[in-house]
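Below is one structure. I have some questions about it.
Letters A, B and C name the chains as they come in the text, with residue numbers starting at 1 for each one.
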């Protein structure tokens, strides 16, 4: 910021931002805190802010389920589908961004519209299809499905991002005699890296949190953290502390990743940048 | 010995799959406490059955039902053992989707004759057992004897709803956060949809008449729902329309309810370690209105084998273990007698240790025995099931109509509106399914 | 601009994506259309057959159908409105010189990482519960009566939960857009003595238009299929107050196990969603022009 900022203004904005930020974060904070309470403490009134923390709930959760397997499946399925989608999406977005036709906008919109079918409406047809190909409850099956689900969004984001890159630069490299794949790998990709990175992150998050297909197309081999959560939600009896512990464990990995890469996430997304 | 058994195992496996490896049995189960306990104790099974490996898929009740139904109906073959309810068993058995447990029935060590007759009947078609009961429940009145006493009342063994209504209002002390009665109000055929039809039975009503006409526009339903709505308004906790079993369990354990008409198995939770009112509990039969039926229902969670699984024998071995007398002893050894899965075996109720440890035991078994799935109401019905109708359409209808009843509890609809809507919904569905014209 | 050769090549490179998405769209869609004309209940496999338009008729005449459409619109529209306005305001705030901006930013974006089911469970049981929820505790502390959120304001409660999940996304994207705002233009406006509001109205807002479009489009797609939050909190009730279109389709598919009806509902939902999309694109279309 080149402009001078008065101290009072800064203090005011800082206070406001922190207050609002804490309010936004409170539900997560409260959930994390509850994970360290006993089941009885979790629903105590008035609510306990200060208490002797216990790892009892975490112990129960770990004993009751194979957390590591769920995490591995989540990582493989979210990561695999996102990477696979990138491989398909980069050329496509490149093509639409740099040699648009009069149909490009329609194609883009059509791609988005493929996401508008409510998943549950096609559950049975898809279940039968996957069963036919022997892909039920396999990571491969889920990677493919999740890839297809996220593809439109990925192409979309990459397209908007590639649009920001002046095509003169690409043309200049072409003048220099670069062949197409070199043009993409050596010129486009490095320039677009921040955008690709943030696309990747955003889609990791979306795939990680997807809770319909991951629950309905898996049994034991490919089950992700959504099943892990399901196994702790609304059992018969007190469950808030255990559910909180399980939830914290389920969102933990993706949240830590998000925290570390939030700068990348912010700088990569350049929607609306000046052309 | 070891070698020969290995050889036999290898040969039989070879015959089936041309490969010899440990069999994996995938079990789909609901995440109720008793099942989680079973999963925790499964080492006992795998130790005595070294050739069998267990894979567990633990899901909440709604998700489980969706998963196993989709899978069995499309012959997806993802599961070898399914934990399903009293509702599914007769329907699925009639479709040929379940493997009859003939071996278990004949096995003397398993002693199928020891199963409580009404429970075994509910799980049998043409004398063949299609699912083994894990635990069974009816409903009864759980109440706080200290609060009843403090209000100067005496709880009869078979209370009437009229008495319950008065007692609930009398014991309510909102200042102290004590509600006279807690009842489910959460939409869902297994939530409000279990308690309300059972209550209606005791008011003389039924779900369908002999010609499958929905009965929600009948005076019995009006009387029962009005009573239910009023008592919750006057003496129930805040947020009743989103309270299900788990939520009320939490409330009761925290001492916020004086009475609760719900599943008999709740007694274990109310006297368990998490409960602050464990030593103040007492029980009575589910209330009635003097017409000859109580609001007692019948439900059981069972283990069944889907037709088409390649692991039939291993699956049957597991089911035999999980529903055996020995399993009961195993749980008693780890968690205490009061926490064993109740309601399925006659021998359990002849065991003095159990009767002493579980003060609610006698009432539980009496309620289960009294529940008659073939004659749930005073009037004749065309369906089986006490608080549900064992027809494929029931889940959908039950879920939709309980949304309406829940709205009446929340106060966003009048009782008349809710019943009219429910009647309309049910009639539409029954007509579409071809039961009525 | 580009040579003919590269043009052809670039078409080719678009093919895999288009092909895959085409298959992904056309195969389930065809199957759904086929099933939508079938009488097919998973639990009654013996009663299959051609059903004509029955499934469509039955879905549209469902007493909950109109309510579901209205609820869907309110839910999508409400959340969009709040997240975009809130996102702009929060974006402006976070774009200021703030002590500890990195941490504040983390606080703001964290809800986006939370799974929908977890978010709904936490809000329902630990915040909005009228007895041991945090809001009830606060209300009692100040001597008020706790609000029974899911009974008295069910749809608004869902809007609140969903907004909490999507506000971070909107804020994030609008913030990045703000950061690319032309400083020189701002300073020139300062020199001309433009008021803060005028600067916002004539410089910032037009600059944000495209980012807002992106937020609106992506959010709409996800909001149109909101489901887990409703399933966990209200089961579509009380009455049909929180039943939206996806929930209605869910009810046919996994409560009635009516494959025909669910397929018909799915097709109807696709048609309606595309109508919404067309309107949305009309309304904001110019911002998409590259």
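Observations
Definition applied: contacts are C-beta pairs under 8 Å (C-beta built on N, C-alpha and C of every residue); 3 or more make two chains touch, one makes a residue touch a chain.
What you are looking at is a predicted structure, and each value in this text was computed from that prediction instead of being measured.
In this assembly, the chain whose C-alpha centre lies farthest from subunit C is B. A count of contacting C-beta pairs for B-C and for A-C identifies A-C as the more extensively joined pair. Distance between chain centres (mean CA atoms), subunit A to subunit B: 38 Å.
Annotation: 37 Å between the Cα-based centres of subunit B and subunit C. Each chain gets one centre point, the mean of its Cα atoms, and the points for subunit A and subunit C are 15 Å apart. The residues of subunit B that reach two or more other chains are 66, 70, 74, 177, 250, 254, listed in rising order. Subunit C has residues 42, 131-132, 254 in contact with two or more other chains.
Contacts with at least two other chains are made by residues 43, 45, 123-124, 230, 233, 240 of subunit A. In the complex of the two chains, the subunit B residues touching subunit C come out as 62, 66, 69-70, 73-74, 91, 95, 177, 186-188, 237-242, 250-251, 254, 256, 392-393, 395-396, 399-400, 402-404, 406-407, 409-413, 418, 421, 424-425, 428-429, 432-434. On the subunit C side of its complex with subunit A, the touching residues are 1-3, 6-7, 9-11, 13-14, 16-18, 20-21, 24-25, 27-29, 31-32, 35, 42, 90, 93-94, 96-119, 121-123, 125-127, 131-132, 134, 137, 141, 164, 167-168, 172-173, 175-177, 179-180, 182-183, 187, 190, 207-211, 214, 217-218, 221, 224-225, 227-228, 232, 245-246, 249-250, 253-254, 259, 262-263, 265-267, 269-270, 273-274, 277, 281, 288-290. Of all residues in subunit C, those touching subunit B in their complex are 41-45, 47, 54, 58, 61-64, 124, 129-132, 136, 146, 148, 150-152, 231, 233-241, 243, 251-252, 254-258.
On subunit A, the positions that touch subunit B within their shared complex are 39-40, 43, 45, 63-65, 123-124, 127-128, 131, 136-137, 215-216, 219-220, 223, 227, 230-240. Those residues of subunit B that touch subunit A in the complex are listed here as 26, 28, 31-33, 36, 39-40, 55-61, 63, 66-67, 70-71, 74-79, 177, 244-246, 249-250, 253-254, 265-266, 269, 272, 274, 276.
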